[in-house]
Structures are given as C-alpha cells and as structure tokens.
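Take a look at this one; I'll ask things after.
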Amino acid sequence: MYKIILQINCNDQKGIIAAVTSFIHEYQGNIVYIDQHVDQEQNEFFMRLESKFQSNSIPLKQLEEKFSQTIAKPFNMTWGMQTSDQKPKMALFVSKYDHCLYDILGRYSSGELNVEIPFIISNHIDLKPIANNFNIDYYHIPVTKENKGDTEEIQLELLAKHNVDFIVLARYMQIISPKLISKFQNNIINIHHSFLPAFAGAKPYHSAFKRGVKIIGATSHYVTEDLDEGPIIEQDITHVSHSHTINDLVLKGRDLEKIVLSRAIKLHLEKKTMVHNNKTIIFS
Amino acid sequence: MYKIILQINCNDQKGIIAAVTSFIHEYQGNIVYIDQHVDQEQNEFFMRLESKFQSNSIPLKQLEEKFSQTIAKPFNMTWGMQTSDQKPKMALFVSKYDHCLYDILGRYSSGELNVEIPFIISNHIDLKPIANNFNIDYYHIPVTKENKGDTEEIQLELLAKHNVDFIVLARYMQIISPKLISKFQNNIINIHHSFLPAFAGAKPYHSAFKRGVKIIGATSHYVTEDLDEGPIIEQDITHVSHSHTINDLVLKGRDLEKIVLSRAIKLHLEKKTMVHNNKTIIFS
Amino acid sequence: MYKIILQINCNDQKGIIAAVTSFIHEYQGNIVYIDQHVDQEQNEFFMRLESKFQSNSIPLKQLEEKFSQTIAKPFNMTWGMQTSDQKPKMALFVSKYDHCLYDILGRYSSGELNVEIPFIISNHIDLKPIANNFNIDYYHIPVTKENKGDTEEIQLELLAKHNVDFIVLARYMQIISPKLISKFQNNIINIHHSFLPAFAGAKPYHSAFKRGVKIIGATSHYVTEDLDEGPIIEQDITHVSHSHTINDLVLKGRDLEKIVLSRAIKLHLEKKTMVHNNKTIIFS
Amino acid sequence: MYKIILQINCNDQKGIIAAVTSFIHEYQGNIVYIDQHVDQEQNEFFMRLESKFQSNSIPLKQLEEKFSQTIAKPFNMTWGMQTSDQKPKMALFVSKYDHCLYDILGRYSSGELNVEIPFIISNHIDLKPIANNFNIDYYHIPVTKENKGDTEEIQLELLAKHNVDFIVLARYMQIISPKLISKFQNNIINIHHSFLPAFAGAKPYHSAFKRGVKIIGATSHYVTEDLDEGPIIEQDITHVSHSHTINDLVLKGRDLEKIVLSRAIKLHLEKKTMVHNNKTIIFS
C-alpha cells in the first residue's frame, strides 16, 4: 500500500473537486483527507488531498502521468504529488543561539520529524559540539562583508551536493542573498522573534520593551527578498508585563521561537503549506 | 441564486466524495466549501459541503429528492440539506445570571446571529427587564420539586407552539428532564463553567479554588441525560493565580462563559457541528 | 472601617517601603495588598498599597495630611490616596459599533463595574436606543470638518458639568483633540483593533488580512497626541487562518475588543494602572 | 555585593511588612522586589522579598541570626533566606520519553538554569546516550515489583551522597514511595500530561480523546502521597479538534509538557514557590 499527498492550485472553476475525486476513485484510491480553499478575491482554487492505494493498484509514476493528462492539463493546474515515504533533506543554518537547534535535533532524534539533516552551516564555531553530539556534519563558514559572495558559493555547493530540499534558518542572523532565495523559493523557513509585522528587523525584544507591549510573539515565515516580509506560516505569543526586563523577554521568547519554528517545519514536511500572493494556505 | 449546506454521515467507503461532488457538479452547483472527517476507529464518514446554485437551476425540493435517490440511499447516509435563508428559532432558558443573556442579545440585536428568538424562559423574574429592553417575550415559570412535571409541560407547549428548533441554556441552573432532552436531541446547548471533565456538577469555581488550579475554563456542550457529560462543542480557558479569590474566579469566568457559549451557538447555527458517539465533529 | 488605595511614584532610594509601611502601621492600618516596581533604567520607584483602617481610627483627611508631610515630601513623591467608596464618573464616546457598548453596559447593569456613567456621546444617532434601554443620557454630537472646534467645546462643557473623571472611547472612530487629551491626561482609554504596534491607524483588519497574519489582536491604551502610540494597558489575541475573510476577522475581533476594553476599564477603576515614560505599570 | 531572597510565612497580623522592611533598611539593604499574599480564609501571611547588600555591610550569617531573633521569633515565622550564588542540586528521574529531558538539558547547557545536575536516574537504559552527550552520570536502576524496596534504597543513597536539593520527574512513569516523598517534601516536581484535575492517573491522552475535549493540557506539581493530587505549580493548554488522533494529542502534548515542566523548575529555582494547604503561592 502507498499513500499520496496531492497539492493543487488553479483558477477556481466548477467541477474541479468532482473531477479530482472521481479520478482518484477510478484508480481505486481511498481518499483519507481532503481540504480546499478558494481565494474569492483572486478567484484561485487550492486543494490538498491524501489518498491510499493498494500496492497492486496503479504504480505512482503512471498515476502521475494519467493525472497530468486527464486532470491537470484541462484545468491548467499547478500541482505536486508526493508519497509519504520520501524523506526530504533539510539543511540547518545557525548562529550562536542554541535553543532552536536543540529543539529541532531533539525532535529529529526521537523520530518526530520525518526528515534527513545532511549538515548544519554556521558563521560561528560555537554550536559545533552540539552537532557532534547528534552526529551531524557542521560547516563553519564565517561571513564577513568582504567574503559574502564566496561563502554563498560554498553554501550553494553544499546544498547542491547533498540534494537539499529546504533550508531552516534556526536563528541564523545573517541576510540571505537573492540568489539563494530564488533557488529555494518557498523552501527557506525563518523564525523571527516578534509577532510580525510588529518589530520587523533587528532587536525586536528591545523594541517591544521600549514600546511597553503586553504580549510578545514569534513568527515563522518563508524567506523572500523583502526582509521579514515573507509569507507567514505560524505565529504564537505569550503575555508579558512591566516587570519583565529585556532579558526576561529574551528568555520567554526563546520558548516561543523554538515551538513556532518546529511547528512550521512540521507543516512544511507534511506538505500542509501552500503559498500564493505572499500569503500561506495552511491545511489542517 | 441560493446556497445549500449539506451534512452527511455514513459508513466510510470508497467513492463517497467523488459521488457527492459529481452530483453537485451535474446540477450546476459550485462547491465553495468542503470538509470531511473519517473516524478511523468507528469507520464512520462525515462531510460538510456548501454549494451555490443559480436561481434558474434545479429547485431545492427537487435537488433533495434527486440526492436522496441517487446518493443518500445507495450509500446508506444520514444527511441534511439546508439553505442559508432559513432562520432557525432559538429559545433561551435563563436563571439569575445576566452576562450570557446580554452577550447573546447584543449579538442578536446587531445582526451577528442569523436566528429568531421567540421567547425567553426563566425560573426567576429577575431578568425580565432585559427581555423587555430587547422586546422579547419572557415567561416566568418557577420550578419547584413539586411542580417539575407541570412546568415541563408548559415549556414543551411553548416550544411546540413556536416551532422552536433549538434551546440554549444560558446559565439556566436547572436539570433538564429526559423527555425534553429526547425531543431536542443534539439541540440543547449548555454552558458549564469549568473545563470539563474537571469540576463537573455544582460550584465548579469553588472546587477550582480549593484545588488551586492555575487555569479555569468554560465548556459548551450538547445536553444529554448524563449531567455535564454531553458532546463538547467548544472550550476555552484563562489563567488564574493564588491571588484570586473565588469571587475573582467567578468574574473572570463570566467572560469565558459568554464567549464560549456564543461561539457554540454560532457553530450550531452555521451547521458546523455533527455529533457521533457522544463527541462532536466541528467543521472549520 | 474604610479602605484606602495608595499609589506612589518617586526616585528609587533606600527605605521607601519601610517608611511607608511603618507609617501605615503607626496609624493602625492593616496592609492587605502591597506591590511595587522599580524601573531600573530610569531609577524610578512605583508602589500600590491597599490598607484597611477601623472607623474609629484617624480620619482619611488627616491621614492624607500626615502622609503628605512625613512621607511624601521627604521622598519627593507623586502620590494619590483614594477610598474604595468613591465612585468615579466615566463618559462613553461611541460611534456606530455596538459590541463594546453592550459589553460595558451589561457589566455596568449587573454591578460588575463600580462606576457612574453620566452620559454617552456619539457623532451618530444609531446607538441612542441602546442608551435609552439602559437609561443613560445620549448626546448626539455630529462631527464634521467644519464644526470640529464647536463640537469639542460642547463635549468639554458636558464633561465639566458632570465632573467626569475619565473617558472611554468604545470604538469612537474620531480623533481626539490635543486640548481634550491634555485635560484628561492618562484618563482617556481607547480600544484599537490590532495588536499594536502592528497595524496602527485605519482599517487594521484589512491590513491584517492583506499581510496574512495568523493572529489578530486588540489593544487598549491611554490616548496621547500620537495616534495609537499611547501607553498600552492591555492586549489580547486570537488565532486566525487563511480561510477567514476580512469580515470573519472583524467578527472574531469584536470579541477581543470588548473583552480587552472592559479589562482596561476595570484596571483603571481599581487604580491598578500607573503611567511613566509612555508605558504602563499594571499591578496585579 | 550580595543579594538575598527571603521567604516568610506566618499568621497574618498587623505590622509584619513594616517590621521586615524596616529591618532590611536598618542593615543598609536595598529592597529590589517585594510581594506578599494573604490567605484570608486561613489568615496566613506569605512574603517574598529580594534585597541587595553592599559587600562591606553585615555578613549573611549575622543577618540571618539578627533576623531570627528580632523578627522571625516575635512573629512566629517559618522562613528561609538564600543568596543567589548558591547553586541547587537537581536530580532527574526519567523513563523512555526524551522530550522533557532534551528540553531541560538544552536549557542547562546554555546556562538558562542556575543549577547543578549531579545525575540522571532511569528504570530504562534508553536515554543513556543523551546523558552521555551532556556529560551527566546516568544510573540505570530497573524497577520491578520485587525489587522496589531495594531500588529505593539505592536512589536514596545516591541522593544523599550528592546532597541533592530537589528531584524532577521528567516523565518518570513510576510511583514514588512515601519515604522518598517525605524526605523531599515540596522538593519533587512532576509533570502530568493533562490539565489536572481532569484525567488524573494513567493514559490521560487516551481519556481526553475518548471524552472529545477541545483542549488538552499539562500540569506540573509537587509530588505528595496522593497521586496527581499535589500542589499545582504551573499549567498550560493547547487547542485540539476532532481531527486529532490519540497520537496527535501525544505529539502536541509533548510541547506542553516540556515547557510547563521547565517553567516549574525555574520557579522553584528562583524560590518563587511557596506551599500551603496543598496549594502553591507563585510569586511573579
């Protein structure tokens, strides 16, 4: 038996769901999940569907071809079909903060994340011992104003060599170049330590303290060329008070950051995210 | 143009979604919402679907008949089809607490709730002025041990006379009889002032205070014969501390109760709730 | 027996708490609540204290004089002493939205708010029937570009005539003039329908929808001359998704707005707020 | 310079705060934090105070003696005075689940927790590699019905030998004996995977699934002889829906468990918890 996850995007029009579900039915698939969204303003249709197929039924390759011809083409769809046994490759970019890294590697070790982690890249040496403990390669690639272009080339080579599918910036603190972004469109996940769009940019906890907010937050989003402006995947907040110092905000924020980032990674891995018009559709 | 909301429940089996969506497509309907749930343990299938039809397309009555014959019967479905212009009738049962009543009537007045409120029943006279302000009939039906049977008959008559669709116990504080419950199965919504199953029964805030919990909650649920054991529709909580007295808990709890109850009423009105096996499916 | 609430602000220095609590002790007061905050950056000390006095002990007037001479002057304090039986006067400014108004008046009617409401001012006639139902005077004062100065004078006269202590903008939607703000410094409470500083200004729900945030919020704050930049009293949020339309955000937001505004009103009434440097200290 | 944390409990009576703060003032201390709580029902007074002393002022030992004689005795106080440079010793008891362990050790490694961890005890060998990675001794002490008494003796010896101050049950899954509990009264912290008092005992996620709740929670509490009935330190919840399987609840719950447990550990370390009458006072 195998299970497919199907993602579809096209102009909204009558009969899409009927056509897709009838197609699945025709090839003996059993739909175990279906969810759709219509962006009424943009007249765009989005769908995520999971279906199980018996092992003696049509092979995946053939199913994809049939779907392409009889459904995707007529409806002019952008689409993707994955099986759940494909294990994506995720590269981690870190700096000096270790809380998100520990959280991700803890989940990875306990089997909570269905992913491979070929390597960790950092502009600092500090977190190498953690990578060693978890038996993951660690590339220390210092970034300076002068060597930015070179380091990017090294990064791109590593990513290509290991067939990395997506990148997680686990508090990386460096700006990603347009070239890297364009190669990994909607495949670079960042965690920002504020409830965006409030406090974009540097030192959000300092700004939150100064403004005297009663809630602080964290936001995971796909990276685009506009800093902290990419499609938001997940956000959460916690309550704070006048009695909290900037350092208290930083400590409380860490717990938000790691949970919100890990939730985003999971949603991405389970193909529950779609991006349109700089916004996400997050299927449940 | 008219819009239908279709709810379906049957044994899980291949081809249901394809059959239903193809049916809608055949009669020129445009599906604007579809969500389903499969209870894997019980092998039960649940679906909620919204579809728009042009006014010159098949009339609702005929659509229902066709659906019954070609879809519902073959799949052995329990199902319901409503149009959004049907305005359900909701009876309110209250006691002496006014916060839920104000919240419901405020929403009702501002048009937030698509509902008619033919009358309010109470075992106390206290809230009559509020009913008057909102121009709603108020029946003061005192309940004593001796007259329980009689008062129930009066209530049943009023409910029948006004074709009431469902009942909301907005802090009614009286036990509903099995007869009334059986006549309004999954159509009586109660608000309980705790995060059930904790602190079922009387005086939950006192129990919460005694236990020293750090969160208190409220739970809206359908009423069954087992007190506070019915299918849960919605729950929410708020944080409390050692510094809160019982009275503080009561005051903080009020805000939870009214919001949680109103959310449940809305979900019920929008046909987003289904009940199976003493649990709810709540469609988004 | 009478109870005082004492608020103190002065430069941080050794011995303040000892001096104040010894003073209370000397006059037979029983301290039932004490909380303090030190702004380390600004070296400012803030304190809130509640104390009970037997009716045969020193009269309030005399206590105030003694405190002024022996404590407040030596420590160069800004301070205030209130008894809990003083009922403040609160004026409500509204526009066309009724949810905050219903919430406030519901609490007011049930005795939850220890306040007098001498009148409601609105630039629209729409909510007059609600005011009538609750037996509160309603002044319809339309605001146009031309008559802004005049309407302000009428408002100021009403506020003066009724000895109003503080103003609540329950979705008033008009900009308050510097003159009114300066007369009611830290005594005008506004509710803004976003988690400030995100989405300040007009149409925050539209902006939130456009940005694709996963949380929306509401913020109550004291009004200053800088629009939506005043000291924040209380904030809360709720989770939203891609499936919510702007109208859904508006409806979900209403529940936040009314709860967050009412919490701020209560904090203000209980003298639990202090303002310094455009931030609030909120005592528990 | 040194800083003390002072915790006080005694019968409520006039003049306590004045006496304590005057005492601190007399010995040149600068109070940087004060919070108190009065249990009105029980007439009990609780206080937590932080004060800084210059290094040339009275030595800690002497301060304690003076306080004992002039304040604690006359008021008949239960009290404790700690300096912030004392590093408590915390023993971890684990079973097979690693998420809480990773979370604690990650915080420990990054210096977030001011604590020593002399060893980890487990009835299973599974988590030994994690202990090794963090360079902490790991004692594999299997527990069977037959050897319960012996294993307890081994545990007690280890705890005594390393002068352990408190124990954290990071999903230990074994019942702690009355002897161990009495030796570490209010010094054993457990994490229970439900919002107590709901779903006490075994398999709370299974029970939560069966009941169809819309929120799940986690509770950290001090261990007493009554299983899951000890004083609650911290609780938090997350929202769930009908679509979540038991396994989903387990995964979502893990994030709650680790955060709630770590918060409790921090509160305990910062001496922000006091216990009375099977409830906690948690200072902010």
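Residue numbering begins at 1 within each chain, and the chains themselves are lettered A, B, C and D in the order written.
Following the convention adopted for this analysis, a contact is a pair of C-beta atoms (placed from the backbone, for glycine too) under 8 Å apart; a residue touches a chain by one contact, two chains touch by 3 or more.
These numbers were taken from a predicted model, which means no experiment stands behind them.
Seen from the Cα centre of chain C, the chain whose own Cα centre is farthest off is A. Ranking B-C and B-D by contacting C-beta pairs places B-D first. Comparing the residue numbers each copy contributes, chain C and chain D share more than half of them at their mutual interface. Centres computed as Cα averages put chain B at a distance of 42 Å from chain D. With centres taken as mean Cα positions, chain C sits 36 Å from chain B. Within chain D, contacts with two or more other chains are made by residues 241, 243, 284. If you check the complex, the residues on chain A that touch chain B are 14-15, 17-18, 21-22, 24-25, 28-36, 38, 284. Interface of chain A with chain D (complex): residues 98-99, 102-103, 106-107, 109-110, 112, 130, 133-134, 241, 243, 251, 254-255, 259, 262, 284.
The touching residues of chain A, when paired with chain C in their complex, are 37, 40, 195-199, 211-215, 217, 231-237, 241-243, 245, 278-282.
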